[in-house]
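Going in written order, the chains are labelled A, B, C and D, and every chain counts its residues from 1.
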Amino acid sequence: MKTVRLKRKDIKNPYLPVEAEKITTETFLNNDISEIRIWSGNQEKILEDLFTVDTEGEADTAEDVHIILSGDCSKVKRVGEYMTAGRITVEGDIGMHCGNFMSGGLIEIKGNADSWLGREMRGGEIICRGNAALYCGSGYRGEKKGMRGGLIHIEGDAGDFLGETLWGGKIIVDGNAGNMPGAEMQGGEIIIGKDAEIPGANMKDGVCIICGTAFDILPTFMLEDGKKNIDDFKTGFFEFSGDHANRKPKGRIYAKDYRIHQ
Amino acid sequence: MIFHMITGRTVKQGEGVEKKLSADYKKETSACRMNPLDMMDLGLNEGNHIKIISDYGEVVMTAVEDKTLTAGMIFIAYGPYCNVITSHDTHGTGMPDYKSTPVRIEETDEDLKTVEELFRGMGGTSL
Amino acid sequence: MSELLVKNAFVIDPLNNINGEIMDIAVKDGKIVESVKDTSNTIDAKGNLTLPGGVDSHTHICGTKVNFGRYMSPEDMRAGRGRAQKYMYPVSGYSVPTVYANTYRYSSLGYTTVLEGAMAPLEARHTHEEFSYNTLQDTMANTLFDGNWAVMEAVAENDLKKVAAIVGWTLAAVKGFAVKITNPGGTEMWGWGKDVGCMHTKVDHFGVTAAEITDYLIRANELLNLPHSAHLHNNNLGKPGNYKCTLERMQRTPDLNDKRQTLYMTHVQFHSYGGSKWADFCSKADDVAWMINRKPQIAIDMGQVMFGKTTTMTADGPMEFNLYRLYNNKWSNHDVELETGSGIIPVLYSKKNLVNSIMWSIGLELALMTKNPWQCMLATDNPNGAPFVKYPEVIALLMSSKYRDEEFSTLQKDTEKRVILPSLDREMDWNEIAIMTRAAQAKALGIVDLGKGHLGVGADADIAIYPVKTGDIDPTQEYEKVIEGLSVTTHTIKRGRTVSKDGNCLVFGDNATIWVKPKISENYDISKDPEFIKRFERYYTVNMANYPVEEEYINRNICIETETEL
Amino acid sequence: MKITDVICPFCGCLCDDLTVTIENNRVTGVDNGCALAEAKFMHTGRLNNPIIKDGDRFRETGYDDAIGAAADILKDSERPLLFGWSGTQGEAQCSGVHLCELLGGVIDNTSSICHGPSILAIQEVGHPGCTLGQVKNRADLIIYWGCNPVEGHPRHMSRYTNYADGFFLENAFRERKLIVADVRKTESANLADEFIQIKPGGDYAVFSALRAIIRGKGDILPDYVAGVAKSQLERVAKMCLEAKFGAIFFGLGLTMTKNKYKNIRNAIELTDLLCRHTKFTITPMRGHWNVYGSNEVMTWLTGYPYGVDFSRGIAFYNPGETTAIDILAKKECDAMFVVASDPAAHMPKKCAEHMAEIPVIQIDPHINCTTLLSDVQLPVAVTGIETPGTAYRMDGIPLRTKKVIETVYPNDTEIIDKIYKKVLEVQKK
């Protein structure tokens, strides 16, 4: 097991975005860290310019690497991109695009995650103890398929466009979701612990469960007869099929309560 | 009462885009158009000064009657006045809420700032 | 100016009947000369394959619809991103890459001249603006006349000279190179959401048929004495059973020119389909090739399809809509008033798909069954069949039946019942490949006299040297080496300067746009015709004075003035 | 002297039939133009000389000095934002992209605050469009949705839609039906055969409802959708299906309101669906005269229409992250280069506040709000009046704007090219 502790150094402009897709488990299989490049604005830097690095133990596979990030990482983007195995723990907040294209392993964020968390994710697991901002578990501009597999669990709230173009996998939000969760979704499952607004817009397939109130349900969703039980705890939910703006849609929204868009 | 603020183009605002420090431009972009019934509710007359308050700031404008607006909606021409109270949240789309910021309105005795004064308040330089 | 000597070149230059000789090539002031005195600037080709610079006679690289393909496809853009180098700007994109990406990639494939396949006259400035960034190839533009109202009206009046007058004025006004006809009549009908089919349906209101529009434009083209022939994207593209339409079009084309073909039919792969619906879809390449073999007045390009993601784009608006209904992915359309249309959709050609597998086979069948390689150009209708970076793979397929068989074995298994490809054992040689990728193209475009497509004295010093020693490899077996060797030149020389070396561009480049200006007498000057002017001002949304493309847009250019019969 | 066929460099209509009267190298009259065109050609409020901020005042200076100051700011910047571009010639936009690549900056044009959401939608589902003449000659149904051409594009209706002659219509004015959809009854709405008044934020639901009706699923709809009666929606759907050629134009009423680009995606999907029954097209009402040109230029050079980040030398595009409002509001840029637009007048306060904190260079002929937040401003010739250049109309048609009067000012392209050279020079040192 190899543990890599990365602590963000104080720098003169804390607002400047940092791109650090190299901060992923595979990278640290190599013991030579002097060649790890990251970008601060338009300046190419080495990892140690921006982070103090403290390594202990050895690992032969990415699975045995554990990265622990601390300090203010709210502007550090693309951490864990293409990660296949192993573990990343973020002690505080994390910047945009954390876990892009991730296919395995675990990322745990103890603070909040900025937008595009787990974009185009294929597998593995992301747990965010705080809130996730916009486009959590979404796709890329112009791309038809978004997240295709894996699990994202947000213990706080999620922002707008949660799981946009979702194709597979599962997103769980314990709190509220913002505007338009599950827009264009074509598969997969979104479970929202509290309220959400305009869920499942234009969905073709997949399931969106709202344990609180689904506000502004689109008029093109059809309320099915009778109430449904999702599991032992989620009982008496309304079931909607849709989005009937599409041809033969197979999408389902389950909501504890709802308001129709009027 | 919460009003839904819409900002947009007008011919007069368009005519003024190359003379933004002029009195005409100030007049056009600091006019808050509202439904007459809403004005009655708030006890406002045409030309009264009002303070418009949002989560993002507050600004003094002039109330102007506009029957095309439904109750609860206000319209302000694009410009530095409405910017003070417009939400910069783009929802990840690049586009702020120019046509969907909620605001409150109060009558006020305060004067309108000039365009230069507005920017001086944000750290701008005088000419 | 400068001199250059290319030594020890293994030259194949079909237009000069040189088929593999070790020679030196002398260059002075951008042209090939007998000899040079100054040998300080020498490239040692080391016996490597040396060809005239490649010529692509049908590609989509610049202009409104190409750019819209980019605009709507950020997912394609992120697939091919590269950073700036000393003489290269950053690039993005795979199937519809940025202009710089196109020009750099063409250059490392050894291409020095390209023809944009479709330019709407009204939007010509856009094409020319992009041309000015396509710095490493000379450029020219096919100009669309398929739905031109004035042309259709003149056809209805049976007035051939008027058709020629309209075409002549328009070409010169928009700095176009050749007459392009895309789904004649169909693009006008698409203005109402309809199509014409093949080829005798009358266009609504105008009362003329596709057959007539093309017949007249073919003849008008010859009256104007244009370098290239009429360039046709036939009706019914992509529809099962369309080979009949293709055959009929070939059949009714007269032989009017002894220097080149009378009709260039493009991406014929998409027009050689049998069957009556997708369920019984099959290849009719043998019928089409049989006709080509009997008709010297016809030249074609393959329109080869290769597997993978790409973007289709054409002026054929109704066809793209049909494709959209098949794929249900995103669809763009752009009709151009009084002239033409266009459409774009992204596609994925898959080996698992029977129709796609048959399409792939048809393109190769056409090339292999067309006896005379001068009649069949190698092209993918970039990016419709595949991005042009796949050309080396297409070449390798034509040179090796082993490669074809190996690929064929990975296709949807019913393919063999619908095609005859496995029975074809022709394997092309280097000379035939040189014909199909430059010499025949230059001849078909009518630019041999400008010094394109060959390496004779007086020709433009556009030269491609590939890291291939033809004696050392057997292309029928070692197709991987063919692909590798043709993918990146050691040197691409443009107008006497090495512009690309081992895939790196060495200069910013300075292309020329080739355009035509038919000399037309006062009597036939349509721009002075009061009726033409009146209708123009009334129905276009651009004033006639603002229509012609100004000289500023074609800084470096070669104008071909033609003597006409008008 | 009268100059004919002049192209108006104000809005995306790019009317090319203006006649401009010139006396003593001044525009004294504009015929055929709207009020906006007249204001543009008779403009005042120029900045006479380059200025540099000096303490809490500006001082006038020469071009070389100002170019040097600009280059110094840019070379030190670790994340410059190059914004604007919609009010200048295509040639300057090209130079701007190259400057951005050189600097490793982020380049964004004003579409991020006008039709950027439309572009995002187009990237998801494509764009069934056409040139405006196609509409003028054929359309028997015009729909203006979330836009008010009477105020924003005053000649749009007379040149391209309801009041224009049409080849295939005997009496275009009578034969064409007009539908206007908006949250308020605008002057344009007063002209409509059918006015759809939608509650703010309700456009998305209305489009969905129309799609469902056209698919034969109208029965699942409630009696009212976003304040619009189902019976009206059914009537509108019928009008669309009965049209031979329908043309939808939409404006910022869709892009700036709730649900942003999803509104436009839905409108496009409605258009696609209608194309399966009849002919329909959709066109965004572009605002700035050459904003579409800035999208075109950036697309052919960088691959993306706006919001392109070159920090790492390769193009990265992700509106919401690489767009001006987001970058400014999050304080992510440390210098700003503004060309041919006035962000200070059109961006939320938080953005202007960050502009006040960082060095700002502005290239613009006029004194405007951004001047008040600038550190350096270089005045230039007015494109389309004092210098010619390429512009793209809202439907993609490229036109060459004219020079009608002489000027002593350099144009945008010349200034940007000089700054480019200067940056190269100081970078080498």
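In the analysis below, a contact is a pair of C-beta atoms (placed from the backbone, for glycine too) under 8 Å apart; a residue touches a chain by one contact, two chains touch by 3 or more.
For clarity, every value in this text was computed on a predicted model and none was experimentally measured.
Relative to the whole-protein C-alpha centroid, the nearest chain centroid is that of D. Centroids of subunit B and subunit D (each the mean of its C-alpha atoms) stand 22 Å apart.
A straight line joining the Cα centres of subunit A and subunit B is 38 Å long.
Centroid to centroid, with C-alpha atoms defining each point, subunit B and subunit C lie 56 Å apart. Taken residue by residue, subunit B touches two or more other chains at 91-92, whereas all remaining positions touch fewer. In subunit D, the residues that touch at least two other chains are 120, 123-124, 258, 310, 312, 317, 319-321.
Counting partners per residue, subunit A has 115, 134-135, 140-142, 179 as the residues that reach two or more other chains. Because contacts link the chains in a way that matches no line, ring, star or complete pattern, their graph is best described as other. Contact between chains, using the touch rule, shows up for A-B, A-C, A-D, B-D, C-D. By the touch criterion stated above, subunit A contacts subunit C in their complex at residues 140-144. Those residues of subunit A that touch subunit B in the complex are listed here as 115, 133-135, 159-161, 178-179. Of all residues in subunit B, those touching subunit A in their complex are 91-92. Subunit D contributes residues 10-11, 35-36, 39-40, 43-45, 53, 56-58, 112-113, 116-117, 120, 148, 151-152, 154, 183-186, 189, 197, 200-201, 252-253, 255-258, 260-261, 287, 306-307, 319-321, 323-326, 329, 342, 344-353, 356-357, 365-369, 371-374 to its touches with subunit B in the complex.
Residues of subunit B that touch subunit D in their complex: 4, 6-11, 14-22, 56-57, 68-70, 73, 75, 78-80, 83-88, 90-100, 115-116, 119-120, 122-127.
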